[in-house]
Structures are given as C-alpha cells and as structure tokens.
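Same chain, two partners: chain A is paired with chain B first, then with chain C.
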Partner chain A sequence: MFSSPLETLLTISLFIISVATLGLVYRVIKGPSVPDRVMALDSIGINLIAITAIMSIMLNTDAFLEVILLIGVIAFIGTVAFSKFLQKGEIIEYDRDN
Partner chain B sequence: MKVNDMILQTVTTLLSFIILIFSVYLFFAGHYTPGGGFIGGLMTSSALVLILLAFDLKTFKKIFPINFLTVAATGLLISILTGVAALFFDVPYLTHTFDYVELPILGETALTSTLIFDLGVYLVVVGVAMTIIQTIGESE
Partner chain C sequence: MSLIHLVILSPLLVAVLVPFLHKYFKKIHTGWFVLVLPLVLFIYFLQYLGTTMSGETYTSSMKWIPSIGIDFTIYVDGLGLLFALLITGIGALVVLYSIYYLSKEKEALNTFYVYLLMFMGAMLGVVLSDNLIVMYSFWELTSISSFLLISYWYHREKSRYGALKSMLITVFGGLAMLAGIILLYIMTGSFSIREIIANVDVVTSHELFVPALLLFLLGAFTKSAQFPFHIWLPDAMEAPTPVSAYLHSATMVKAGIYLVARMSPVFAGAPEWFWLVSGFGIVTLFWGSFTAVKQTDLKSILAFSTVSQLGLIMSLLGVGSAAAYYDYIGENAYTIATLAAVFHLINHATFKGSLFMVVGIVDHETGTRDIRKLGGLMNVMPITFSLALIGTFSMAGLPPFNGFLSKEMFFTGMLKAIDISAWNMDTFGIIFPVLAWVASVFTFIYSMVLLFKTFTGKLQVEKLDKEPHEAPIGMLIPPIILASLVVIFGFFPMLLKGVIEPALYSILPSNVLSVEVKIYHWHGFNTELFMTLGVVLFGVLLYLSVAKWGKIYEWFPQKLTLNKLYDGGLIGLERGSAAFTKSHMTGFIRDYLVMIFGFMVVLLGVLLFSTGAFETNLTNVAPVGLYEVILALVMVAAALTTLITKSRLTAIISLGVVGYAMSLFFVLFRAPDLALTQLIVETVSVALFLLCFYHLPEIAKEMNRLRFRLTNFIISVSVGLVVIFIGLSVNSSRLFESISDYFEEASYAEAGGKNMVNVILVDFRGLDTLFEIAVLTIAAFGIFAMIKLRLNDKKGGVKGES
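Presenting the complex of A and B:
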C-alpha cells in the first residue's frame, strides 16, 4: 500500500493531526465562551502548519516552506487582534494613554 | 482600568522586524520561487498592523509620518513608468528585459526590469492595505 516506511509514518501522523483538528473544530462549535473558540482557532492554525509541512515532505517539494511561516504570522496576528477586541472592545485605538 | 501591554509590546518590537525581513525576502524571491510583490506587500502591511495593534494610531503616525495614499500613488506611477520606458527602445509597451550584472558582494546576479514593476505592485499593496486599515481604525 505504501511505498516506503517514511510514507507510512507520514500518513499515520497526518491521520493523527486530522483527528486533533476535528477535536478542535468540535471546540470551536461547542465552546461555551468566546476565548475557548479563539484558542481553538489558533490551535487549528498551528495544526495547519503541521499538515502543510507533512504534505511538503510527501510531495517532495520545498515550495510550501514560505506558506508555513506565512500561516504562523497570520495566525499570531489574528489571535492578537481577537484578544485585544475581547479585552478592550476596539482593535486599533487612537491614543492608548487615555 | 489601565492595562499594561508590556509582553505584547516587547514581542512586537522584535517580531515586526522579523516579519519585515521575511516580506523583503518574499519580494526578492518572487522571480524564481514562490513570492512576489503582492504577498510581500501583504506581509509588510501585516508587520505594520502588528505595530498598530500593540501601540496606537498616534504612535504609529509618529513612527511612519507618511500618507499611505501617496505610497499607493507612487507605486502606480513606478509600474506605469516601467511600461512606458519600453517604448523608448522601440519595443511594445510593458516589454521587460534582463541582464547578468557583476555586483560587488552578490557576484553575478540576474537583474530584470520586472523587479521595478514588482516594486510598484508592492508599494500599491502596502499603500492600499494600510489606508483601509487606518481609515477603519480612525473612525469613532
């Protein structure tokens, strides 16, 4: 079924990460409070990075390495923006001293 | 209640430089590998957005005292001028050329006029994205 032990290992880890992502999707839908959902979405982003890395090994290409860094940056900025909205009610304030 | 954002602000001062360097890398890598002016511009604006998130609009305008609409207009002008420049060499509009140049540190490098066109795209993307975000953030 699989051509090499490495491919077997990668498929198994892809399956495990998919199950973990499904668990996080459950938390996004069910999560009683908004911070639960934000944390779950952030973790989905991290899992997406892992899936991209595994897929780039499976496809034997290095064209997706920028995507990995890109998802990391976007997930971080998105989470920071959402946390600031939850904390202060506005994302970009005019003058933080008053 | 006064909030102390020390961790966020310290991380931002370090991380915004890393994102800016990554965006410059993406901009120059666009010719042979994935990347280019569009995604490079988006990464630059996301670094600027991170500064906007950690600090405020007043501080941001003190760090970058430029009108981002001017940036977008300059980028559009650069892109059009690289197209027009081809007309002076008796070739159709937007014809691009490239040559191998011996640079001091980098050695033999392929320089293309497409890079200047891409610089225009980069400036337009940064200018438009930052104008949108600043305008939305300003309104009360």
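Presenting the complex of A and C:
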C-alpha cells in the first residue's frame, strides 16, 4: 500500500492529527462557553500547521513553508484578539485624548 | 430642397420669430404679423391649381435619411392641394378672427401663435408628404400642437383634462398608424405612397394586408373622431374658439379623412375596408347627430355636429370604395359617393368654420354659451344672426346653400349602396339609407336648436354677464367670408369643379374613374328630394315637440357612456398597475432574492435540460483521496452548523471553519499562494463579522434559530442542484485544451519569473490586477467615508464624533 516506511509514518500521523482536529471541531461546535471554543480554534490552528507540514513533506515541496508561518502568526493574533475581546469587550482601544 | 419644402416648413420657421415679434412690438397685436404668412401661402398654393387641373402632379424630393429610404418628398396632387388650400385659407381667416378674439393685454399671444403656426406647418406636412414616415412625423406634430392649443388656458382643470384626453386618444391612433406604415414597408419595401400604390397587387395579396388596413383605420378613426373614439372632440372644446374653429372643425379632424382618402387606392375594393369605413362612418353620423340634440352648450352642439358630419364624409368614402370593386368603365355609380365626400368636405369646412366663429362671437359679446341663458339676440346682433342662419341652414341641408347639394348627393350615394351586390350588402344594405335619413332628421333638429334657441325668443339680459351688442367688424369679416362661400358654392357649385375633380382622381384608382363632375340644384322629382322633404317635415315636428320626447336621453344609463368607460379605464389602469407593482415590489430583499433565484433555477434548469446540455462523463476524473473526503466532510459539517445553529457567534465561527478548510484544500491541490491569501482574508473577515456581531442592538441579539421556510428550502436546494449539474457537465465536456501549457513554458522564458501564479497576476494579465487594486481602494475609501461623513443630527452636532 505504501511505497516507503516514511510515507506510512506520515500517513499515520496525518490520520492521528486529523482525528484530533475533528475532536477539536466537536469542541468548537459544542463548547459550552466561548473560551472553550477559542481554545479549540487556537489548537485547530496549530493542528493545521502540522497538517500543512506533513502535507508538504508528502508532496515533496517547500512551497508551503510560508503557509505554516502564516498560520502560526494568524492563530496567535486571532487568539490574542479574542482574549482581549472577552476580557474588555474591545480589541483596539482608543486613546482618550483624541 | 426646393421652394415648396421651404413653404411647408415656413410656419415652423416663423414660429421661431413670433416670441421676438411679441416682445419687441408690444403695441401691435402679434396676430397681424402672423396673418401675412397663411395669406402668402394660400396665394402660393393657388398657383398649383393650374397644374392639378390639367391632371399633372408636382413632386420634389429632399434627402433626409436616405440610408433607410426616408426622404422628405413633397407630392402635390388634387387631394393634397385641396387640403393645403383649406389649411392656409381657413388658417388666414382664423388668424384674423383671433386678432379680435384674443385680447392683447390679457392673453399670452406669443405662445398662442407659436402653437398655431406649429400646427399649420404640421398639417401642411401631413397632406403634402409622399413619404409615410415624414407624414407620420407631421401627424404626431399635429397631435402635440393640438394638445398645446387645447390646454392654452392651462390654469383651468377642464382644459388640461381635455388636452390629455385628446393627446392619449390621438397618439394611440398615431402609433397604430406607425405600425401600419411599417407593415406596408415590410410588404412593399418602400415608404413612398406612390410606390406603394404602384405595387398595390403585392399589398392586396399579402397576408399582412388586413392587419395593415386595421392599423391605418385605427389611426384615421382616432384622429377624425369616429365612433367610439369621438369622445375627445367635445372635451377639446375647452380650447379658445379660433382653435376649435380651425383644428376641431376644418383641418385636424379631417386628417383622418385625408388618410382614408389617401390610402383608398391601396385598400379600396376589400370588403373589410368597405364595411369598416362606411359602417363606422354611418354609426358615427347617427350617434353624433343624436347626441348633439341634447347638448346645452353651443360649442358642444358644434362638436357633436362635427363628429356627425365627419362620420358622413367617412361613410361616403366607404361607399365610394365599392367603386374599386366593380372596376369597369362606364356605369360606375359609386364614384358619386366619393364625389359627395370631397364636396361635403369643402362645404363642411366653410359652414362649420363660420358657425364656430359665430358661437365665439356670441360667447365673446354675451359671456355665455349656454342656450338656456341665451335668446332673443336677433335684433341685437343682426349680422351674426344672418351668418348663423346661413351656416345652420347649410348644415341642416336646406336649399339654396351648399349643404343642400352635398346632402342630396349623400342620399344618392347611400341609396346606391343598396345596389352593391357583394359583401352581404343585399341583406344589410338597407341600414345605410335608413340610418342616414334618421341622422339627417337629427341634424336638422340640432341645427334649428342652435339657431332659434340662441337668436329668437326673449332676451334674458339679467342672466348674461355682459350687455350684448354687435361684434367688431374685424371679428365679423372671417365668418362673413366663409358664409359668402357657403352661398356662392350653393349657387355656383361648378366653380369647385377644378378642385374636386383632381381630388377625385387622387382618391379613386385610375382605372375606375370615368365620372364627370356635375353638381346641380335640380335633379327632378327623385327619391332624394322626397327624403329631404321628409327630413324637413319630421325635423320641424320633432323640433317643436322636443320638450316631450327629449326625455329619452335620460333613459340611456349614465354608467355605460363612453366617457365613463374612458375615465374608468384610466383609473382602472392606474389602480391595476399600482396593485400589480405592489404585489411583487414588496420592499423586502428576501422576496426579491426569492424571485431572482427562482428565475435563475427555472431559466437555467429548463434551458439546459431542454437543450440536453446536462451530461456526466467520468473518464477524466482524478482519483479521490482520503484527505479530500475528510476535508469535504469537515466543510459540510461546518456549513450545516452555520445553518442550524441557534447562536450567531457559532455561525460566524463555523463560517470561519469553512474558510480555513478551504485554504487547506488549496494546500492539498497545490496552490500555496491561494492558501496564503485565503488564510489572511478569512481571518480578517471573521474579525469583521465579530465586529458586526458585537455592535448588534440588544433586541436583535436574541438567540433564534433560522426559521424554516419551505419556499426558501426548495429554492436553495434547487439552486444548489442546478449549480452542481452545471459544474458536472462543464467538467465532463471540455471542448478545447487549456492554455496553461503556454504559461508554464513562458513564465520564466518570457517574463523571468518562476512563480507562475504571480507572473500571471502582474505580467501576463496585469490589467486585471490593476483594477482589483482599484476595487480595494474604492472599498477602503468607501468605508472611510461611511464612518467619517455623517449627516448632522437635529441639534447641529455630528453623531458619534467627540
């Protein structure tokens, strides 16, 4: 079925990460509170990084390395923004002076 | 371009000058300047009498739109010249009359004469154009100028009502005529009347013959106020009296007569033409005269009388068209009907013009036109009385005036109609003389009402607004001229031979005309004479007993009158279209979306299914991998969550999931640039959605599941199915090879880049990118503007700004 041990390994890990992502999706949908959902989304982002990385090994290309970096940045910014929103109800605060 | 083109357009050119004359020569009545033009034109057209009397015609052409065969071609023959003389002759008299009728100080004379000259030019264009499209242009110009003239006193509501009514009806007919013209063009390939007449065999055998005939008659009947389109004419009496005299008795209402006469060589001989023209004519004749008797307003009587006399001329033209059916030389008796029509056309213009002017004088000098208030004016206004007597007796058909001669010939024509041995005339033919006779009785009655109720009896000074006195001489000159013509034509009808004969040659197809114009007073004791005696006898009896039988007019149900039908029709149209608009223009975007998507499904689905465009061909399909399946499942789950979730926040987040899964698809399908962009854009838009969510007002934040609607469900499912089917069939029938091979080879060799997507975006197809940038810029400016620029609130401050 698989041509090499590496590919077997990659496929298995991809499967495991996918299952983990599905679990996180369940948490996003079900999640009793908003922080649960935010946490789940953040983790989905990390899992996406992993999936993209494994995919690019499997596709034998380095074209997706920017995608990996970008997901990392966005997941971080998104989570911070959400947290700030949950904490203060505002993401970008205005200076009182102007 | 020759002199005659300039002559026809001269009223329009002078109309341009009229406002300046009015402004800079305030001391002189503007009418005096205008008067010169119709006089000159009348004398100019008299010159052509020699040409037409010798059987010649005059043609002159000027290019207008030569690429589609529309030239401004002038064709002067007997019929056109007769009308041109009527238009300019009566036009000159009416202008003279209007100088005394309209006050220099009170009225807006500049507009009046501009409209009147516009009308005169348009009318000359109608009767002298050979090209049908040019004739139609002038035809509509007569409608427009008539509209303007009727509403001359535009501050009166009735004037505006009458103007609108006449406009709607005549323009409706005009458009029908345009359709008829186009049909004739389809049949013969020419707009020229003479060429169409030359190819008449093509027309008569063509399947479009009857539609063209009907459309032309619709145009003629609306313009000439034939039943049931006559209703605009009585309401057009709100116009100033010179206008009524000119447009609504002598010229414009005869444009329909002209059209029927002009098109006779094309359509005559067909049973449809005969029955419609003579049938509607005789009904109009009867109905107009019957209704005229009950009117109490002098101008209304004259309006219905005009309707009735136009019906008379029309029915004569109809009977005359039978001549074309029996196209043998010799004993062709039906040409006498056409002769009578042309003769009465002239007579009617003379006596009706003078009668309108007389009524205008009475109105002007007493302040009322109501016959219940008038009476006993004979001694106060002797000249006016004499003029009215000549006009009414001629109208009633009494000797020795010209009306008698044409009435006798009319009876002859109608009696001859019984003899037509075709088109069911042996069963229905008797209707013609009977209706004609009854209508003549009523004509006699209203003529007598007009004369005696106004001028005899007791003078009721207390009911009149002014002290009645005789009119100024200038006002009397035009009706005196017309009344003299009534008498002269009565005694010496053969004077008109030179005018009538060429006109007859124009109306009748050349192969049937053998008649010589002979009009005499005395024919011996024949049926027509006894009919006239009967008319006088019964007319006198009925006139004397009108108080007793006049109640029959009240039997006619008011709800069924044609005016009620017209008014109700207009209101119904407005209400109906308002209701129709309201029924689908609800103002809810969801309703419009339902309609848009519904139509999309129906049109696309039906079209593609009916043309057999749906096909699935799975030979070129790539194998489906496990990852794709899992990702697709994730997307479907997220999309369904968006639909059925209770909370809006969940919907936003699952929409984000769809977007991120999409970017993962891009990764899977090897599109790194797309994946990058998709990730960032998805993040930004989710953030924007959250922003919107946060600012929702408290009331709308209620946690509600999307309500289920069956229509929406059906439409959304079918839109999805149609799009899937289209995608499938597009994919399975690829007709040509893709052009991407070229980009693959050329991106480095030609453009020096290794990233093919980017090379395409900025190099091969950089123009698209430019305008995408423009779109983003506009969006950014738009958002900035919407946030920053707000209208001040009531207190003068700016909302949301500190």
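Things worth noting here:
Going forward, the second predicted complex is superposed on the first by the 95 of 98 C-alpha atoms of A that agree within 3 Å, B and C clash if a C-alpha of one lies under 4 Å from a C-alpha of the other, contacts with A are read in each partner's own complex, and residues count from 1 in each chain.
FYI, a contact is a pair of C-beta atoms (placed from the backbone, for glycine too) under 8 Å apart; a residue touches a chain by one contact, two chains touch by 3 or more.
Keep in mind it's a predicted model, so treat the numbers as computed, not measured.
In the superposition on chain A, A:18 makes contact with chain C only, while chain B stays out of contact range. Touch criterion met: A:63 reaches chain B and chain C at once.
Once the two complexes are overlaid on the shared chain, A:93 sits against chain B while remaining clear of chain C. In the superposition on chain A, contact of A:74 is made with both chain B and chain C.
In the superposition on chain A, A:6 makes contact with neither chain B nor chain C.
In the superposition on chain A, A:84 contacts chain B only, with no contact to chain C. In the superposition on chain A, the chain among chain B and chain C reaching more residues of chain A is C. In the superposition on chain A, chain A positions 63, 66-67, 70, 74, 77, 81, 91 are in contact with chain B in one complex as well as with chain C in the other. Per the touch definition, chain C reaches chain A in the complex via residues 627, 630, 634, 637-638, 641, 649-650, 653-654, 656-657, 660, 663-664, 667-668, 670, 672, 675-676, 679-680, 683, 686-687, 690, 694. Per the touch definition, chain B reaches chain A in the complex via residues 3, 5, 8, 15, 19, 22, 26, 29, 33-35, 39, 43, 46, 49-50, 52-59, 133, 136-138.
Against chain B, the residues of chain A that register as touching in their complex are 63, 66-67, 69-70, 73-74, 76-77, 80-81, 84, 87-88, 91-96.
Of all the residues in chain A, the ones that touch chain C in their complex are 14, 18, 21-22, 25, 28-29, 34, 37, 41, 44, 48, 51-52, 55-56, 59, 61, 63-64, 66-67, 70-71, 74, 77-78, 81, 85, 89, 91.
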